[in-house]
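Below: a set of structures, written as structure tokens.
Presented sequentially are two complexes of chain A, the first with chain B as partner and the second with chain C.
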Partner chain A sequence: MTSQSSPLPVMAAAAARPAGLVATLTAWRVPLTILALCLLPWVLPSKALAVNVLIYGLIAVGYNLLFGYTGLLSFGHAAFFGAGAYATGIAIGQFGLPWFVAVALGVVFGGALAVVIGLLSIRTRGIYFSMVTLALSQLVYYAALQASSWTGGENGLRGFTVAKISLFGVAVDFLNPVAKYYVLMIFAALALWLVSRILNSPFGAAIEAIRENETRARACGYDVERTKLLSFTLSGLICALAGTMSALHLAIVPLDTLHYHTSGMIVMMTLLGGAGSFFGPFVGALAFLLMEDVISLWTSHWQIVVGSVFILFVLFLPKGIWGTALSWRAGR
Partner chain B sequence: MNAPLLAVENVGRRFGGFVALEGVTASFEPNKVTAIIGPNGAGKSTFFNVLSGVLPPSTGSIRFKGQDLTGTPQHRFVHLGIARSYQITNIFPDLSVHENVRVAAQAFRARYDIWTDRSRLPELDDKADAALAAVGLSQQRGATAKFLAHGQQRALEIAIALVAEPELLLLDEPTAGMGPEETKDMVALIEKLAADRTILLVEHKMKMILGLSDRILVLHHGRLIADGTPQHIQADSEVRRVYLGQNDGYA
Partner chain C sequence: MDAELIAMQLFSGVALGAILIMVALGLSIIFGMLGVVNFAHGALFMVGAYAGLWVASLTGSFWWGLLIAPLAIGAFGMAIEFLLIRPLYKRSVDDPLLLTFGLGYVLVEAVRIVFGSDGIPFETPALLSGVADLGIGFFPVYRLFVVGVVAAVLVLLWLFLEKTKYGLIVRAGARDPLIMRVLGVDIGRVWLMVFGLGIGLTALGGVLAAPMRNVSPEMGALVLAEAFVVTVIGGMGSLIGAVVAGLLVGVAVSMTALFAPEMATIVMFALMALVLLVRPQGLFGRAVAGH
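The block that comes next holds the complex of A and B.
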């Protein structure tokens, strides 16, 4: 984009669009992210860690659509992650459905739950929105705890191990961690492509406008509630997909999946990596899980260290790891 | 006689027990500039909020082009043809000047489309550039909105409203906080816009109002105490008592 000459130097600086490397990174964000994900299992200490980064990175990407781009701080996203995981597990374990049907059901179920929780929460603002999403997700937690004949209650959902899957006619050994990683990565790649599309679309411009100035967006003719609900639902769908991936990966759905600790962790990862940037949430998930992995070798109190790092970032580098790196490159 | 573009009938607005606006009845013909004056707290901004759907009226009704607006959600107003600027500048501070206007234009073209590439809507760029040219901000199109001078930000907000191609434009103190130079530019802009649009204008600067408006409404304690031509209002003793007399500094 060419910026015209501005009368004031401060404007000229502000007029500079992200140039050079940052623009290239943005244009190629999906292939580059997928490339990074392809390399992940070979650079991390363990394959299990790589799968976790993949899954939690995807949740954080989905969450970021709502938090980073629409400006809504939900404390209840564990509900969609868990809903996707439970629906997949139940579909396979109790109804004997094929794995790909179970994945589709998990995504649809998590998305439907997002519509319901979205409808109930979207009209509240600020801290009230956060609290309503938290309360409703706790309701889902207790529902899962009570419905133990379906969910396994406190013991979690078990007994739906997927050992082999057939992908486009090719049999894949799902007990092989590398094969499993790359199968799950296909889903993540599709979701990343979708999120990138959404961010590039007119709808992406609308949610950013709402994040920037809700009253102005409304005065401009955007139905703010409906736009937020759609963003909430899309965000929930991505998190539900991550949930189905988690279920396939672990072959168990722990009840803790639905706990508000999980919601808090999603918020932390997103902020740590950089809310409002495409790749930031993955970086955040990677940093968080790597710290957990490494520091828990030394001390069982790893959460103190991770928490301190998180606080330092929020206080001094609020754009997060990736967001800060990007703005260095952009020269601001 | 022309059919009125806008007709308000017995409109009132309460905040709890406090009556901010009461029994306002007036109709507005197309392509006229009407100024609304009154002391601070008179209910001018509340009147605009009611006319633009920000607040539903507690009593009365509003008809725009013959259509009753009761119960219409705020975001529909601009689609019907009523756009506004706010007393306190209300723009997208972190977007570029061009993006500010473009996203406003987009609300009429694509709101829920998640498939198209947003940059593939060149007609929106043209519309945004035309609106920016109309308010004299073409040079600043790439600048981040929050770095503009105050007067330019006020003009940007008017460009955001203009891109909706409204039949009725509500301007709440467009020269608030402006020096004499910026005010002159704004007056010239409003004169230009008034050529083919209906404008309602809240202002304090009497000289400006007398030069610009075809008609003046005076609000006091939420009530309409006078309604007439500038000459008529200047001669009105009640208006002089509650408002004009205390406002010599502006006149």
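The block that comes next holds the complex of A and C.
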């Protein structure tokens, strides 16, 4: 096929170009995402929407580690998101701890919860996993509802407004939406860098091996249960970080943060954007929240539109927006 | 804390469990046959309750609602299987699950548009209101009725599955769909019927539950999580498991409500966690290696 005809090398070059583009995107994925995030507040209709895309995008990135890369469909990630948010709010509001300690506590608490729920749910196989994670996260929801002296019960957690924070000696006005966005973005950027490193590591290859063929991964000598648990925990940690960011941002933790509808929203965002791709979750969060924002202008029943769009995606574009774009470029 | 109170609470638990059995049974039958976890199951329970309410208010009779709503929603379930789930059989098991989750989302919002977001009280039919003296205490007639209906449905279902030709096809199809196809059975039609049956059962549960609680668009969300707990405890795909676990959960919840009310919402999840630790495949589930 080397010297046989002239059109072939041209076609090969044409095929190589998009692959080259994808390779460049992959190599520069963290700086590119951060650049896009830097521009986000100036492109979107409101600053509040930009913060939401940042927070939900990060949850979806964390969730994608488990769903997209390890192949485990959890319906309980609201628990870790909510646990991070509640722990941060309680640490600031009831113990008067400084914000960075509260953030660290939130991440640790959410991560610890992920270990417990992960240990229980990974004992089950296949389709059970989704049901068990959903049920266990509902347990967390009801526990928060009952422990109202700590969590504020149905009214949500209030009274921990962070007005000013000092970052590396610089005082930042946290009530200024732009300043707040960029502070939160630093955390998101760190998490993105971490996820990128994880995916490039041997561990990243191991979780993808489990997704592709669990039996073969086991036969190759991988400790499948431990790898799954680690992936579950890492994914929970990132969702917990997003939770602490949400608490700092809203200065309130609504009880619904813990409801499995939040988990479902995370699933929808990840799938809409493209599960198993690095940029997909952010694209999905952006698409989801933008749809909500635009449709809410003319009807309060935006969920019916978003839900229908999601159904159409499952039926016809299961790779999501980004995943479809990638395979379209590769197949051209 | 006398014996009569405990007996009454125990009975409420059985009534609660009866509703859970209807929901979990539908979930389990659909999974056993089609390998689909229906995340819209709770939403269809809720749609069933609304359909019952609507038919009852239209005809002025609870009985028509009880009869027509499950049939209509069952037919609606068949349409869902045919239009939405059928294209996904060759794909990953997660895809029907994701699709039905989206469907549940849409159904809840559609009901909000048609009936409003607020809960609607559902009158207990006059014939079934009040209490009955059973010698050991006074029990609400409506709950006795619910337990009776569920018991009757269970007997009919058992007779259908064990004693009829169609039941034989359904059971064989759950074992090995490929062999059934080789034997010339149109398995697609069986799946259509089974999906409709499962949805009809949860809709019946919805209508039966309606007079015991308010009818609201959110009522399905709670029920879905409860049905999952029951299914995990009983063992996925096991019908006897759904019945035993449904009663177990119902009684555990109502007894906890009596002795430690603040734990009532949590106890079923704790029970599930315990079962997962001791017997991950559920009480009546078969241990399988992978899916």
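Assorted remarks:
By definition in this document, the second predicted complex is superposed on the first by the 313 of 332 C-alpha atoms of A that agree within 3 Å, B and C clash if a C-alpha of one lies under 4 Å from a C-alpha of the other, contacts with A are read in each partner's own complex, and residues count from 1 in each chain.
Throughout what follows, contacts are C-beta pairs under 8 Å (C-beta built on N, C-alpha and C of every residue); 3 or more make two chains touch, one makes a residue touch a chain.
Remember, it's a predicted structure, so these values are computed and weren't measured experimentally.
In the superposition on chain A, contact of A:216 is made with chain B only, not with chain C. After overlaying the two complexes on the shared chain, residue contacts for A:181 are found with neither chain B nor chain C.
Within the superposed three-chain model, A:69 lies out of touch with both chain B and chain C [touch as defined at top].
Contacts of A:160 after superposition on the shared chain: neither chain B nor chain C is touched.
In the superposed pair of complexes, A:206 makes contact with chain B only, with no contact to chain C. Once chain A of one complex is fitted onto chain A of the other, the partner contacts of A:227 are limited to chain B, with no touch recorded for chain C.
In the superposition on chain A, A:81 contacts neither chain B nor chain C.
By the touch criterion defined above, A:288 lies against neither chain B nor chain C after alignment on the C-alpha atoms of chain A. Common to the chain B and chain C contact sets on chain A are residues 215. For chain A in complex with chain B, the touching residues are 1, 3-8, 10-11, 14-15, 17, 197-198, 200-206, 208-209, 212-213, 215-224, 226-227, 230, 234.
Contact residues on chain C toward chain A in their complex (touch as defined above): 31, 35, 37, 39, 84, 87-88, 91, 93-95, 97-99, 101-103, 105-106, 108-110, 112-113, 221, 224-225, 228-229, 231-232, 236, 262-263, 265-266, 269-270, 272-273, 276-277, 280, 288-291. Across the complex, chain C is touched by residues 73, 75, 120-121, 123-128, 130-132, 134-136, 138-139, 142-143, 145-146, 214-215, 259-261, 264, 267-268, 271, 301, 303-304, 306-308, 310-311, 314-315, 318 of chain A. Taken in their complex, chain B has these residues touching chain A: 52, 54, 73-76, 78-79, 83-84, 86, 90-96, 99, 102-104, 106-119, 121, 138-144, 147-148, 160, 164.
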